[in-house]
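Here subunit A shows up in two complexes: once beside subunit B, once beside subunit C.
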Partner chain A sequence: MSRHTTTATGRPFTRAGAPSVSPQKTTRRRSFSTRRGLVIAAFMAPAAVFVAVFTYYPMLAGSQMAFRNWNLNNLTNTDWVGLGNFQKIFADPNFYVILGNSVVWVVASIIPQFIIGFALALWLRRKFVFRGLYQALIFFPWAISGFLIGILFRWMFNGEFGVINDLLSKAGLIDAPIPWLAEPGTAMTAVIIANTWYGVTFFAIMILAALQSVPDDVYEAAALDGSGKIRTLFSITIPYISTTLALTVLLRVIWIFNFPDIIWAMTGGGPANQTHIITTWMIAITQRGDYGQASALGLIVVAILLVFSAFYLMAIREKKGARS
Partner chain B sequence: MTKRKLLAGLGLGLVTALALSGCSAPAGDGKVTLQLVESLTSPARTELLTKLIGEFEAQNPDINVDLISPPTDQADQKIQQMLQSGSGVDVLEVRDLTVGPFSANGWLSDMTGEFDGWDGWDSLTPNAQSVATAGGKMYFVPYGFYGISLFYRTDMVKDAGFDGAPVSWDDIVEQATAIQDPAANQYGYAFRGGKNGYTNAVLAISAYVAGDIDVTNAYRLKNGDSIFSAPEALDAMDTYLTLFKQASPPSSVAWGYPEMVEGFTNGSTGFLLQDPEVIAAVSESKAITAEQWNTAPMLVGPSGKAIQPLATAGWGTAEASEHKAESARLIQFLNSGDASIEFTQKNSLVPILTGAADDPFYKTGAWASYLYMNENPDVYITAEQPRGVAWFTEWADKADTELQQVLIGQMTSKELLASWDSYWAEKWAAE
Partner chain C sequence: MINREMPAAKVVRIVFLGLWLVISLFPLYWILITSFKTPGAIFSYPLTYWPEVFSLENYISLFQKSSFGTYVFNSLLVATVAATVATFISMLSAYVLARFEFRSKGAVLMAFLVTQMIPAFIALGPLYLMMVQLKLVDNRFGLMLIYIAVCIPFSTIMLRGFFANIPDALEEAAMIDGCSRFGALFRVIIPVMKPGIIAAFIFNFVNCWNELFLSVTLMNKDENKTIPTALNGFISSFTIDWGSMSAAAVLTIVPTMILFAFASRYIVQGLTAGAVKG
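This part shows the complex of A and B:
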């Protein structure tokens, strides 16, 4: 096989400097490349068509619903309504309560998920007996459906028959049962606890994978220099895996914002909309048949997350730039 | 070489296309295949339907029936998608909640022609006939009715010093309050504050204005105003809220169907307002024995009357079906004779056939209260629920949220009734 290089004019040369192919040969090569390109395109076509038909077409079709009067209960009039669906959403006072709930839901879920997940990852990195078994047990929740987890926690948090009140009562921490899912504050706390339990696993998996990339000799060098555990954590471990941490947090924010399963199964957004986040509200609107308004809400979610991601990535880049 | 590849590709495509088209080809033996889609799916019910379909196929050798059973939670949405695509469904389960939107979208066939001269028509009860021909079109024929009765703990009532089950809403407040003992994990009433919680609040309001209700629309008074505008509605809500505050589990703000039924079947609550389908669940309870519970007629208001909000579902034919005559034959089979009796009894439904209620099955135990209500139609008035209107799911969503707002103190019952009244007044004005 000959190794080619190119001149500034783009003509290919061999190492010896002589033109490797004649112009005729170049044309033949080009035609061969075109045919090869076509073959590649033909092989890619089924996948491209599949993605276009099953991903992009529904996405675009769904987006155009946001600008129509698209109500399943009456499809005889699906006229364009412009920004009417968006106006309805912004005029609804519930929207602002639910937007606030969404922020609380994301922030209050992600902080404990991150801290506990990080701690678990650090713990699992050490070698100890049955480490594999512990890892499997910790990663197990990630394999369970969010709705199923919601249903389980709904019963666990049941005020009268739930195991949580029973345990708290037996531990002497409460005198009377707490109606967890019946009051706005406790209901939000309950769904966040369930989400924390579920999401810790994701952070543990991602951070553990990142920790494997930190070379042991760096830790050994740090130990020789007399670095303590805390200093090692902040000066070596975290800087080494900071990119993974930042992207994991970004991914998780997007997922939690878009994660209605647990709330829907536990409270359905109640009591009185107090645990609704935007995506559970979207389900509720879809269930009453108003696909137009639900699609408009979907586009609002996309816009919010795009803006957040852009600012977040910019902030990370600036921080890295400042450090370097 | 390229040509050969091209031909091979075309050949493969052709074979695939033929194989796929073979999947939906009509049977070569001249049989018609009907697609039947159920909505309120459960394993036992699907098994029963399969058995009845087998009997129908044996009697009609020219028809095959394929039963499609989507999970209940998603069933109506699946049915909507199938109807919208215009294929894959001939006979479908139509509920009073879905008949409005489905027919408004032109997805349901008016079966009046196919049912003209059907010899089973006269066997249907007047209620069933009236529902089947509502609005002058036959979009579905009901297979049964879901009524409401009061499930109560005979032992708790006796221990609290009462002679029998409560008759009125005031009685239940008194008895449930006497039974309530949170320290012993014992509660008076299995309150419904979660999904569809508004239904029981409307039940109380209806009982308070029962004498003035327009029976063709249970949300409207005879004078044309909504039931929520009546002064008695406020009394009803006050009583209902007292029942919640004094005699219900605090967490029942969030209770939906599963929690209510669990609250009664695990022995911790004294009263439950529910459909007869709960009879089977209570009978299977290991926490309470058959001697510890019974059912009583619905609770009456100050006028001594109550409104029986009969909910219903049935079978209809898709407008896009190419086998409407055969579909009608299947529906007629399911809604007559032994098939109908077996279906209603095994699903704990109020029957659609005249005389079926005379069966000893409906005269004993928990069913006796339904018979009593049927025999006293002047006291337990049957009124048609406006569940067929296109906005009913929107209403249910609004009503549930606002009722919860009242329960957690974010709204007064007066504000609630004003909101519900203006909602219906606006909808009716726009009709």
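This part shows the complex of A and C:
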């Protein structure tokens, strides 16, 4: 075959191998395709304009602020400072505490979310009476914003009149009430418990959908071969849905890293920065008016997440390659 | 086989599912119960798990001590307008993205997906400055514009999935019968898509109703505040009045729960469709 046919593919109306068309037909096609172009442009334009003006423009403007001295309280001096904002951040010992907090926040929330969500999904796969109602009920927390979840848990973790202390002392687990949100050690635990509670549903939904994508005959074959339940789970079900699981975890890591709402409502980052993660810190700095430093932090977040995602996706690919 | 289950396994399953149900509903129960206790009962030992007296005192004092009615009105107005406009605009873009092949299609979809990944907080400062220049700071119309932009990417992706499930033949038949493309969309496709469109609207509405950080940055005057912005003010004060706070939380949560009960099935569909296929 000549190069002719291969280069022309993908353009259905001008395929080189097609019989030649009369001039009359070409004009009709052209007017059809310009009308088609107009429809596409007219239907896409409002969405594109809104997203470009109110999302992309401010994000790009924010990125260049990271390299400038940009403070609402001192607008006479908005010079370019190169990496000055980044240097200031890296020189601040708080940054390393907060970076560590962010990692703890993500890892310690996602592991129990995944385990409980997986168990729920496995048990919800089997049909039972009221399964639909049950799913609807455990789905309810999702209707609530992270900020309000934070308020609910702030009240439950209240040191004096909080219900969690009351339940723990009724169960005989503690002697004296714990001032959960006022102590550095326990405050992080409290926000992570709230986040875990909120995030389990997401994993349950995603994993259940993945489980339902496994065809029944795979299980039948396994049963015929005498595979037990646990063995089937680990050598058939999990490998079958591993890609979906891995991508769900990645999406969740990115999302939790960027999720300040619960912490904002429960502790505001306190006590003594012990529950600040990068995004809550960034918002606090934005509210002080130091847009330069806040933007620099934002770029640091993007960089961390990009590098993490790249390594993570590479690791998945390698593992898949090794298996097959 | 899946269908055989040992009795012990069944007990474990039922106990676990029951326990999780209690855990996931308890915080909602607790805030509801708190809101109906008298302020005295909220702050007294021992804690009661069922109020001795059901009182509306917290709700009354919430409306008396703050302009909560105004906040509710603002939230309703902003969320309704923004969600309606955003859903309409997303419907158009989702239709094109589901039905046509064009060169920049991949780039557009990517641009929409990326907005869901990047921390939006990097845009807070620049958005504030932009709104200052447009004279739209502390203005509900300005907040609506931003919310519309925030809603569009996800609802476009969600609606595109629903459009893809509707056979082409439907609108082709309508166009052969003399409908224009616009006419085919509005007279034939949209009526079939109704559940998906309602779900997208509810999702957008709930997101706008709940949004906090943008409105905290942009809205200062009390008369312009939405509910979350006002609650953020409540928790920043030195002592929190948990009586009014619980009443406010209940009034914020209940409408979204009712809406979600209608739409949850479609939202789950929209969420999982992309993920499992990918």
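Here, the second predicted complex is superposed on the first by the 277 of 324 C-alpha atoms of A that agree within 3 Å, B and C clash if a C-alpha of one lies under 4 Å from a C-alpha of the other, contacts with A are read in each partner's own complex, and residues count from 1 in each chain.
Methods note: a contact is a pair of C-beta atoms (placed from the backbone, for glycine too) under 8 Å apart; a residue touches a chain by one contact, two chains touch by 3 or more.
Please read these numbers as outputs of a predicted model, since none were measured by experiment.
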Specify the outcome, clash or fit, for subunit B and subunit C once both structures are aligned onto subunit A.
clash
Based on the superposed arrangement, let me know which partner A:I205 touches: subunit B (first), subunit C (second), both, or neither?
second
Which superposed partner A:G84 touches (first subunit B, second subunit C, both, neither)
neither
Tell me the contact category for A:L247 with respect to subunit B and subunit C: first, second, both or neither.
second
Is A:P112 in contact with subunit B, with subunit C, with both, or with neither (first, second, both, neither)?
neither
Looking only at subunit A, is it subunit B or subunit C that touches more of its residues?
C
Between subunit B (first) and subunit C (second), which does A:V51 come into contact with in this model arrangement: first, second, both, or neither?
second
Touch check for A:R288: first (subunit B), second (subunit C), both, or neither?
first
Taking the superposition on A as described, I'd like to know which of subunit B and subunit C A:A182 touches: first, second, both or neither.
first
Which partner chains sit in contact with A:N73 here, subunit B, subunit C, both or neither? Use first/second/both/neither.
first
Does the superposition put A:N273 against subunit B (first), subunit C (second), both, or neither?
first
Can you tell which stretch of subunit B collides with subunit C among 6-14, 78-86, 294-302 or 420-428?
78-86
In subunit A, both subunit B and subunit C touch residues 158, 160-161, 268, 287
Touch list for subunit A against partner subunit B, complex:
71-76, 158-161, 176-177, 179-184, 187, 267-268, 270-274, 284, 287-290
Subunit B contacts subunit A in the complex at 80, 84, 100-101, 104-106, 182, 185, 187, 193-195, 249-254, 256, 259, 262-263, 266, 268, 390-391, 393-394, 396-397, 400-402, 404-405, 407-408, 410
Subunit C contacts subunit A in the complex at 1-2, 5, 13, 16-17, 20-21, 23-25, 27-28, 30-31, 34, 42-43, 46-47, 89-90, 92-93, 95-97, 100, 102, 108, 111-112, 115, 117-127, 129-130, 145-146, 148-150, 152-153, 156, 181, 206, 210-213, 216-217, 228, 231-232, 235-236, 242, 245-246, 249, 252-253, 256-257, 259-261, 264, 268, 271-272, 275-276, 278
For the complex, which residues does subunit A have touching subunit C?
36-37, 39-40, 43-44, 46-48, 50-51, 53-59, 61-63, 65, 70, 116, 119-120, 123-126, 134, 136-145, 147-149, 151-156, 158, 160-161, 163, 166, 197, 200-201, 205-206, 209-210, 213, 219-220, 223, 244, 247-248, 251, 254, 258, 260-261, 264-265, 268, 279, 282-283, 286-287, 291, 294-295, 298-299, 301-302, 305
